[in-house]
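Each of the next two complexes has subunit A plus one other chain: subunit B in the first, subunit C in the second.
On to the complex of A and B.
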């Protein structure tokens, strides 16, 4: 790729750094925990964090205990202290270039893997070309090496290969070390060990190793969301070789759908949430309706979502939601057909909120013809009928003010087109407001309208994101000229911007364009972002 | 649906893929999803938590509103199952006529109910009858064995097919009639002097006191 070149810019005058809180979509009083999970996660990995950091627990009990009494310790403070500190990426033993095909690590391990595969002729699953040809495999196994989940193929037919994975990891663990990554040709084997569980990704996509680790961590959180950390811990302490699949029957769809979402949804990569663009007046009425009719003791969060976008979120004072938890909620709703037909009452664990217990969720769609789904999350398991009534009242008020119609309309049309931004040569962008953990980006249009082009552009974004957040050399600004397009990344304390231009754009034009873009986002911020944070 | 104006709580329990959701779908909406979900390797239709639906049933002299709880069969919900069957006046314990192990799970649920929920009448319900009619060899749960067991626990047996609708409406009507003919339930209705019964509230209070 001789035509590619890159410049790393020192932030000059043309990059006027905006005052904090003043950047488009920025606010100090968000409702989402605004720590950058990507770096947060990396730091936790680095520090071999204590279980407490990784598994917050007790929040639910606190809410239950509080009942009417006031002044609990501020949850936000707690979280901020966790997220401060140096954000550095997981220690990879070597940098990428050292992991070439001739690298020692790859040489040693790759034959072992393939040899063991050949021994098991009867397990033909791994020989099928369609299985081998998958771009991203994900496996979950127990510490004892028992298969729990495989993204492709039946996990019980993969006992042998999972055994090899377990053996590799425990072999390295024996020498008081941990296995992070093996690179062999185009394939990355990435390992994430958690209490009692081992998660493995085998990928030949453009995801970087830290990004794959982040994805595995999401998968791990999905396990917690279904079972809670305390339950898993208890079970494996009693029986080391427990077959966890027994408890996960019917939950496979959550893993499948989560992995599919992560392959194209930038929200996971950015640790941010996309909001449904909506006139702020409508959004305010929606929030007001919820506040008015769901003022119920022990109700922690009321969340209205549609098509993996947030419409509004009302929270109990002093409690915040982490974007990673919200992503699990998106996944729960998009993976469950059964919510569409009936009002449901389901336990859900939000691992960043409290990994030790369940919240109880009243889940229902606003109306048969509207894709907006309302979730009312409480700590009281007997509140179904109370919440069911709240929901009817909320829906009634939303009808009265034509909000359901407005939401439906917002959902049927394109969110917005890049042409509305009016900047020639700017093809696409992703903008994340760091203080609110929200992001916005236009529809993918021509030339990115085909599945393969969309995959390619997402790969470019992953590359750009990886370069900007690299541990060894984090960047503030990157100008990357590729064969088919030019990329520009800009990270400040307030926002992250990733932009895609046509291939011939010059640096001054690109810089000029993104300054225009920031002005446009600022002008539209009321519609694109949720800027207030209503509480009960 | 006026969820709080429910006269009688009915809960469905049983092993996963045992056909509970299909039964409820047939009863509440008179429909059947052609794709038999239990034959999928990866079950994409498994119920999450529990789903609630209500339906009015006319039993001649009056109309009762049944609140039907369709619970998830997965073992992980076992510890929480009391949330769903607490205060139920009738439990439909489902088992798959083509799966012997599902009847073992049914026994488990019966024991659970008898231990924790005295006021709950039990109805054993064999599902997927259409399969055993079309091929007798697929039957794994013997009818007489189930009736013997039912006698022992003072329950009754219904064999149903959600695909054809066989025995479904009959089952729910029977449940409603049994409820209405129980003098205890009628007495409560008179005592409360309300237009409709609110048994859920009633039971909630009762359980609130004894923990």
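On to the complex of A and C.
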């Protein structure tokens, strides 16, 4: 052990001497907004008053104005027409909800609640053991208590229980306070109030309260992504009791798939994006092809993705994409089967980019045999045919340089195996480059090949992440020896590393392994990360 | 610009039983206690209604009882102490006034209030009541709702203002006991002394022996001893010591005249204050022990000589009379005085060494015998005398709650943002926390440091490496 000691460089000092941006996968000129949105989010929770300023950033209008658009479309028009494309605005029937805002909710709460849960209409959902036994429920309801979405069970059968949630929240609001969470044994009940909407998670997973809040915020962003903030705001200002489900018909699948994705995909937790490991030469050709053939006015982002991994991203100068928005794009693609059959044209709002309006996306798969999906996002809603033409040219060039073949090959191997890293004691890891908001991690292999073991290991990562990123007591290093494995978390200004070892690893061995791992990542960074940031 | 943080304070504390006022319009009957008292009945009913609503709401999803509710400004802790009897305590979240870009705002320090700590404080509040008054349901069965309400008010109106919520920390979670280790010979002498006492006076059911604030021997069940220890060290001893320091009771020496043979330093803390005044029997509280099983009622007589204290739990059916006190005094006084001065010699020897250049502070707790040791707190009483930063102290509770949730055995080493190292170990029912403030140390050096520390201070205790 003593001899090992000498060669070991323990965490804490090694990378301090390096310049910022020299950590593996680190760069100053990223294309993703690298602010740590997890901490941002927590802080925003503190100063919620500023939330309104955050919403309409008007980025889209700015682009429209900057581009020499001869006849800038009236924004109001645009939103109207788009939303009518999603669902027609039926005339509103005046159906008062059980918990109207002007009644004194406080006085109703106690007597109504205990009785109401037993109402017959709900017997079929609330009292079903399989409904009760779900590990993570998520509910969306309007400020007036109207059900909008439930992850499990039909939301119209859950009117009463959602009414209770709304009543609890508004009761607490009456005393100028706001509800955060309730804890009962292993269950956490987490509440997120946003303008006009209330989101509730009921979870007995290992997600911490801030992590559940983050997930609810993603769900909220998914709502915005379909409807835009401006639209929701307008509707609820007109009709407080509006049944938002009318506008979200067909959008349930996006919520379902987002929630499933968040249960195992670490990108959400890390606020970072995983890139498809690819030789940098191939990636460069892909980017160049896009830059060459998609140099079209008003095209903001061109994004090539596959299996929730980023292949390349080309952006308009001055504009950046937030990882949270990119996750919504991943979700859009993985939840939509129809994109596979035909080129599509779909509106999408990216809330971090501009929650006030839509971008228009030309979505198509590169090839019938390739899972890579190309999205061309523009502010001009009449550009389908122009972009369709661009896509053909891009694909043509990619074929010519054998890029599609290279991507297909990379995709058959999913990501990479931990054995390729060549560190025997290391079972698994997640590495995030903070400056580029990208992360890498190998495939989960034995002993983490079963669903329940994968859930457990994800729970351990959540625990590690939660403690390291506590708002009031953040940590630089956490080393934990448990019954089944040893965990190491290490956060510096440049990177975050979370590693899993066997339970019997010694501290010097673990630290030695970590230093080897960092060297390996540095060596492989061209393949694992996107290090340049092409623009149109 | 930052201002100082406001302390954690008690917002309210109430006890209710939903089965007492099931009908609409009778909600007020559910309320058994509400503190503070200057609150109108509607607010009381509303707040209790909300708690009931939350309990019902959570039961839709889980059979586990509701434990805590977090809001931006408050933390509400729930405890179903007995079937249908709920105790709820609400504390305020500390705030500080800050400004950002010239705009003032209030920051709420939610993470400063730790669930495990305040859940422990609430349970303690119940157990203390039960120790002196008996279980809620027994009081109801013996009398009526009104008698329960009276007892609750009598007890909690005095107990609650003494809670030092802002100083609550991981020690409340452990709620342990400081033991005094002694050599075998002295220990056996103490045991034979208590045996003699119990044999001579059959009405004495249990005894406990303390030296200063440290427990030497106890015949009580652990959980009862834990509650009694808390009572002795936080509320009985401190005012008594203060009184002694002021030197008021010279009564001790007055009665020497009676007989030279009984010259000693003994006197009652709970019991007759003056052995030459047979008209004043003093105040002796009744206590309820083994409440989970047989529920025995006892008088708690406390007798002290110098720094040694002996607690006598006398069968409650036995009427305490002056003769009884006198014969105890006659037997215990001289023996206890001798024991006390012998222990003090050992005590002085033990407490002096190894206080030199200590760079670390630690807390130790053993779940099996409730033994607790701390060098983080400068005295065993609850006060603000803590010699590590508040955030680091909270970090200990964080690690403790992780370790108690996830594993039976484990170790966690963390480096805080301020470069302070904290190590938490749990193995074989023992927990050990070390704070090391060595900024330039690395993980391996810290590991070595802790090994050394365990070897010197806990050499006979096995810790998982």
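Keep this in mind: the second predicted complex is superposed on the first by the 457 of 536 C-alpha atoms of A that agree within 3 Å, B and C clash if a C-alpha of one lies under 4 Å from a C-alpha of the other, contacts with A are read in each partner's own complex, and residues count from 1 in each chain.
In this section, a residue touches a chain if its C-beta (ideal position, glycine included) is under 8 Å from a C-beta of that chain, and two chains touch if they have at least 3 such contacts.
Small disclaimer: the values here were computed from a predicted structure and weren't measured.
By the touch criterion defined above, A:144 lies against neither subunit B nor subunit C after alignment on the C-alpha atoms of chain A. Of the two partner chains placed around the shared chain by superposition, subunit C is the only one that A:204 touches, whereas subunit B remains out of contact.
In the superposed model, A:179 lies in contact with subunit C only, and not with subunit B.
Residue contacts after overlaying the shared chain place A:389 against subunit B, while subunit C stays out of touching range.
With both structures placed on the common chain, the touch criterion links A:343 to subunit B but leaves subunit C unconnected.
More residues of subunit A are in touch with C than with the other of subunit B and subunit C. Contact with subunit C, but none with subunit B, is seen for A:474 once the two complexes are overlaid on the shared chain. By the document's definition of touching, neither partner reaches A:159: not subunit B, not subunit C.
Common to the subunit B-facing and subunit C-facing surfaces of subunit A is no residue whatsoever.
Subunit A makes touch with subunit C in their complex at residues 5, 8, 10-13, 46-47, 49, 106-107, 109-111, 113-114, 117, 126, 132, 137, 161, 164-165, 167-168, 171-172, 176-187, 189, 202, 204, 209, 463, 467, 470-483, 507-508, 511. Note for the complex: subunit C touches subunit A at residues 24, 27, 45-46, 48-50, 52-54, 56-58, 60-74, 100, 105, 107-112, 115, 391, 394-395, 398, 402, 406-417, 419, 442-445, 447, 464. Subunit B contributes residues 1-4, 16, 21, 25, 29, 41-53, 70, 72-77, 80, 83-84, 200, 204 to its touches with subunit A in the complex. Residues of subunit A that touch subunit B in their complex: 154, 226-227, 231, 246-253, 256, 332, 335-339, 341-347, 358, 360-361, 381-382, 384-385, 388-389, 392.
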